[in-house]
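Here it is, the structure in full.
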Amino acid sequence: MTDITRADGRAVDQLRPITIERNWSSHAEGSALISFGGTRVLCTASFTNGVPRWLTGKGKGWVTAEYAMLPRATNDRNDRESIKGRVGGRTHEISRLIGRALRAVVDTKALGENTIVLDCDVLQADGGTRTAAITGAYVALADAIAWGKERKFIAQRSEVLHDSVAAVSVGIIDGTPMLDLAYVEDVRAETDMNVVVTGRGLFVEVQGTAEGAPFDKRELDRLLELGVAGCADLRDAQAAALAG
Amino acid sequence: MTDITRADGRAVDQLRPITIERNWSSHAEGSALISFGGTRVLCTASFTNGVPRWLTGKGKGWVTAEYAMLPRATNDRNDRESIKGRVGGRTHEISRLIGRALRAVVDTKALGENTIVLDCDVLQADGGTRTAAITGAYVALADAIAWGKERKFIAQRSEVLHDSVAAVSVGIIDGTPMLDLAYVEDVRAETDMNVVVTGRGLFVEVQGTAEGAPFDKRELDRLLELGVAGCADLRDAQAAALAG
Amino acid sequence: MTDITRADGRAVDQLRPITIERNWSSHAEGSALISFGGTRVLCTASFTNGVPRWLTGKGKGWVTAEYAMLPRATNDRNDRESIKGRVGGRTHEISRLIGRALRAVVDTKALGENTIVLDCDVLQADGGTRTAAITGAYVALADAIAWGKERKFIAQRSEVLHDSVAAVSVGIIDGTPMLDLAYVEDVRAETDMNVVVTGRGLFVEVQGTAEGAPFDKRELDRLLELGVAGCADLRDAQAAALAG
Amino acid sequence: MTDITRADGRAVDQLRPITIERNWSSHAEGSALISFGGTRVLCTASFTNGVPRWLTGKGKGWVTAEYAMLPRATNDRNDRESIKGRVGGRTHEISRLIGRALRAVVDTKALGENTIVLDCDVLQADGGTRTAAITGAYVALADAIAWGKERKFIAQRSEVLHDSVAAVSVGIIDGTPMLDLAYVEDVRAETDMNVVVTGRGLFVEVQGTAEGAPFDKRELDRLLELGVAGCADLRDAQAAALAG
Amino acid sequence: MTDITRADGRAVDQLRPITIERNWSSHAEGSALISFGGTRVLCTASFTNGVPRWLTGKGKGWVTAEYAMLPRATNDRNDRESIKGRVGGRTHEISRLIGRALRAVVDTKALGENTIVLDCDVLQADGGTRTAAITGAYVALADAIAWGKERKFIAQRSEVLHDSVAAVSVGIIDGTPMLDLAYVEDVRAETDMNVVVTGRGLFVEVQGTAEGAPFDKRELDRLLELGVAGCADLRDAQAAALAG
Amino acid sequence: MTDITRADGRAVDQLRPITIERNWSSHAEGSALISFGGTRVLCTASFTNGVPRWLTGKGKGWVTAEYAMLPRATNDRNDRESIKGRVGGRTHEISRLIGRALRAVVDTKALGENTIVLDCDVLQADGGTRTAAITGAYVALADAIAWGKERKFIAQRSEVLHDSVAAVSVGIIDGTPMLDLAYVEDVRAETDMNVVVTGRGLFVEVQGTAEGAPFDKRELDRLLELGVAGCADLRDAQAAALAG
């Protein structure tokens, strides 16, 4: 497998260069500009004391996410969803995925009656935007929780986060399973999978789709193995950013 | 595992009663009213000679799907999406899933420049609506293709369908992996997964989500095993309906 | 007039076969799957204790209706109104008609501060969908009121329904007035009329439109006579279903 | 019946003061500002050479209408439908009614491949806005057709209008049938009916609704009689305006 | 400059004929049908005791405006914004301008917790519709405030209006600055400017745009001079109408 | 005037630190990340060979702009316009302003039948976002035109840009006219003005609004003087970026 040459010279089990610019925003309670190679996503966390009406009085908080792409984040310009007057299916689906992924590591009781909204805006897209969004949003979320503790909206000793969470794409190209697909790889993939994994190595979400030929159990196992290893590297990058 | 008692007395690896009422509609080119226990979905296939503008002249056809729920399909009434003026994220996500699942077994070249739209309307919901929709839509699709051949829109010898496809939900409840969750089970599941499997036993889609605790590789494997076996039973039910 | 041959062999003053499948839904407080020949409408009644804000504290209840058609209920597929993002004029108009027709036989004081929403979803259309919807919705409404009495939301002795209500279409084809038009007749009708009549034979609504030549008083009288007789037959079918 | 006193002193079979200000607009191809007492509707006809795509090449024209109300046409201000982002059911229903009423007297073959759009905007509302709109729109339509003949878009000898058309409301108040209800009467009416009648006295549309108690055949007959007589007076007012 | 001939024979510093028909509406608390030549705008003021939720309890009132055009106000028919389902940018922009212009002369403390909505509907357009709207809306506003005082919603001695406000367009055509452009002039203007000026001659708003060549300070000064003089004439017309 | 102390220590006629990061995007044909102090706007230019249908065949090109703000660009989070389903009035107004400002320096004949869309997305807002957007968009536009010449979509010798354009805000705070207001200044300003000025010092747009007390001619003159000087500094920054 070491003989496979990827367009950018990476090994099949190698991530693209990962950078996490923490506290990019001077307004948000937590923020991170994350890049997975050419993919750049601005993640901001907005902290509100209080919860939506349907959750009031239950002693629990709420974490949700919204994903969007700037019109010229991609190679060809896409019309704005605000102009079209409706949010597309793909946007909705990814927003829901990010929210679920983050809630999987949050103890909403410990969060108390507070709401954190994660906005993940893709400034530039080159494959893997949803996985970069989850990975960066975790950093923004952690900072927003720290902010809430400083302001006493959250009890100092509350363990709101019981684990960290990161995500990465994997896929099969020309029969070879690979980690962290760039756009040129993504469009050629026969199978495309996103895995969301906690810092302890457990699965939060596995979404695999055969774009071309259906896949068998052996291929699925290899993809999961690559994804778990990639997420471990991302976990380390998150920890480094949060320690910085 | 044989000691686990499910609400409806089923074994953990047992489907609910499956019925497929083929040709329910007198207008559609293919149709099936499918039930997975209390879940009832009306699937119709609409055949159009010709393709959307963006596909014209490429010698390929198009298969797409739309999923929706009647307002009182559920235990509490939901507002109509037509009245709200927008289609919700969940609806979009499931419509896209159904379309992808069906296209995975369609040879669009063999289909020729024809379009088939699958409408999957949930008349009554009791868990697993998206998997019932995929399973029933396959039957309607097969009939619509046969209709297209009779009318000579598709060459008689074209092998449009290179496999069949079915789907089922699996999940972990109180630590036990189970097949084909009814609504009362679904809301209690720690992990919820939908698997889409071809007649030959290959994966088209695997979507697993930890609703509660994250899951490990061993649990994932058991869920996939249950799902593959359930889809084999559904494949047989589809074949029986199409032979009927 | 006995010499006129209709496409399906009916006499000019004869209804199509009427079936009413009561309690079709296991979730709704009242439901009926009604068919007028090939027209099939699923009517569900959703009972809510309480009224919309604008009616609160007036000691009165509210009954309303929503009509819709599945995309492939018709011979050609229609786009979903949820996808188009707006409800069409025809849909609105029919929803309003059904609501008015039912409210005409309801004593909202006797109903108390409760709301009943009737959903009428056309599963298959072959002419007369709005009249079938009214006729079936009455059955679902009666059952929802009975449900409300059992649950003590409505006083046991309240006479909420002071009459029954049914509806039928009539029209003039090739100069001949006829009852209960099927789709092939409807498109050829010079005049098209819907009459909504109570069990006691009084008019709730008369909506007649000249699609071709305008009509005179004599023709109008004959159409009304046919409609009143047809509604009497439908009243008997409703009573039989509710007695069943 | 002569003893009944109406709020404005009219006899039960008497119209309110009717004025028709023809050619109110300097831009439209036909226009009329019509008043039925305090109800004032600006009707403009816009003539376009050509037809919508779905009608192209059939040698026929198209007449359609749109009805709307200014936000403060009524006693309390209503939000604009443009701001709400959707056109309400009542607006749609009335627009469709006006279009049908006008098309009933138009020979679309004689019109040729031309389109006329009637805009009926209620500047002030005091009951009967839809009937005033139909009556005024007929005048604007006649002028637009004359304009089309002058410009040679329509053959000089074409008889596009084979009759005139007018409309009026009738209703039963405290058991008494009355003509042309003002707003204060309309809200009290037990039965409310709109009749659309041609210049020759034939019915184009009859829409009667029991708002309170259902009505019997004798009452219906009296309402129709009043409506036909009222429409004859309106026909004369239209003729006078067009002769002016 | 006196040698310049305008299409309608006016001098470059001359307004078109201005008419203000006060109390046009019998429902609104204040109203004016204003015309600037062929431009006719119906302005109504709707008074509500109380303020929007976001302003409650601050002891201040609110004045806002909505501008719209009838579909055939212009030479070619425009689609209704209600049908399109969205309000266009130009409409929004003008509505906001009118609201700001009026608020500039209102003491919202003196108004108390009352809301006044100004609706400015263009019945016929011939250039300068936004400036006619502001000028007419001021008259309707003054009457609505008087109405509020009569009803004791506003203290009798409150000085709600600390000045009057009017607006006019100016522009440069073929190098010549001119006042109050009609439509045929507006489309040819190299620079187009709207000025909103109080009765005391102070600026509330200056909006100048180079449609063709950019303009210099000298031209800007001449345009402002013309605009201020035009607004002084309009102030006198407002005063005359309010005195009438 | 030199004694006035601004929150950030600037002189009244001093711009905030201006940075222009050219070619920020690897996809767009031109791009600039511009900052005016804490205000950061990403401007991208998308070049398309061809023009919208309504301009086809006229030998002219088209330049347009869209402005938007990320939800957490501001101190409090704003809901996304895509989620709300409609673009707000302020967004529309600013998009239109940016488009007009850029078209003022473009020779659309020289551009040929090409379209350039400028997207200005505010990543962080601290006052003056629309003026930063215009200033940055000019840089992206210039690069997109250069790109079009390299690709031969535009003739090499065409002088598409006959001048440069920049914009800045000015305002009166506590009676003192000041240049380039930061957010804390903007909210306190009695008068707020945006001026758009070409490289040669001519006005393209002047938009001044009295938020508090109306302003007189002397104040207006001082604001214009500050704005013209500020735009000259911005023109130099643009030139430096484009030379870089």
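First chain written, first letter: the chains are A, B, C, D, E and F, and each begins at residue 1.
Just so it is clear, contacts are C-beta pairs under 8 Å (C-beta built on N, C-alpha and C of every residue); 3 or more make two chains touch, one makes a residue touch a chain.
From a predicted model like this one, the values you see are computed outputs, not experimental measurements.
Here the repeat of C-D among D-E, B-C or A-B is A-B, since over half of its contact pairs match by residue number. Distance from the chain A centre to the chain F centre is 33 Å, each centre being the mean of its Cα atoms. Computed from the mean C-alpha positions, the centre of chain A lies at a distance of 59 Å from the centre of chain D.
A separation of 51 Å divides the Cα centre of chain A from that of chain C.
The residues of chain A that reach two or more other chains are 85-87, listed in rising order. Round the ring, from chain D by way of chain E, the chains line up as D, E, F, A, B, C.
Residue ranges of chain E in contact with chain D, taken from their complex: 25-28, 31, 38, 42, 44, 46, 48, 66, 68, 70-75, 77, 80-87, 91, 117, 119, 121, 123-124. Across the complex, chain F meets chain E through its residues 86-90, 92-93, 95-96, 100, 104, 163, 193, 198, 200, 202-210, 213-217, 220, 224.
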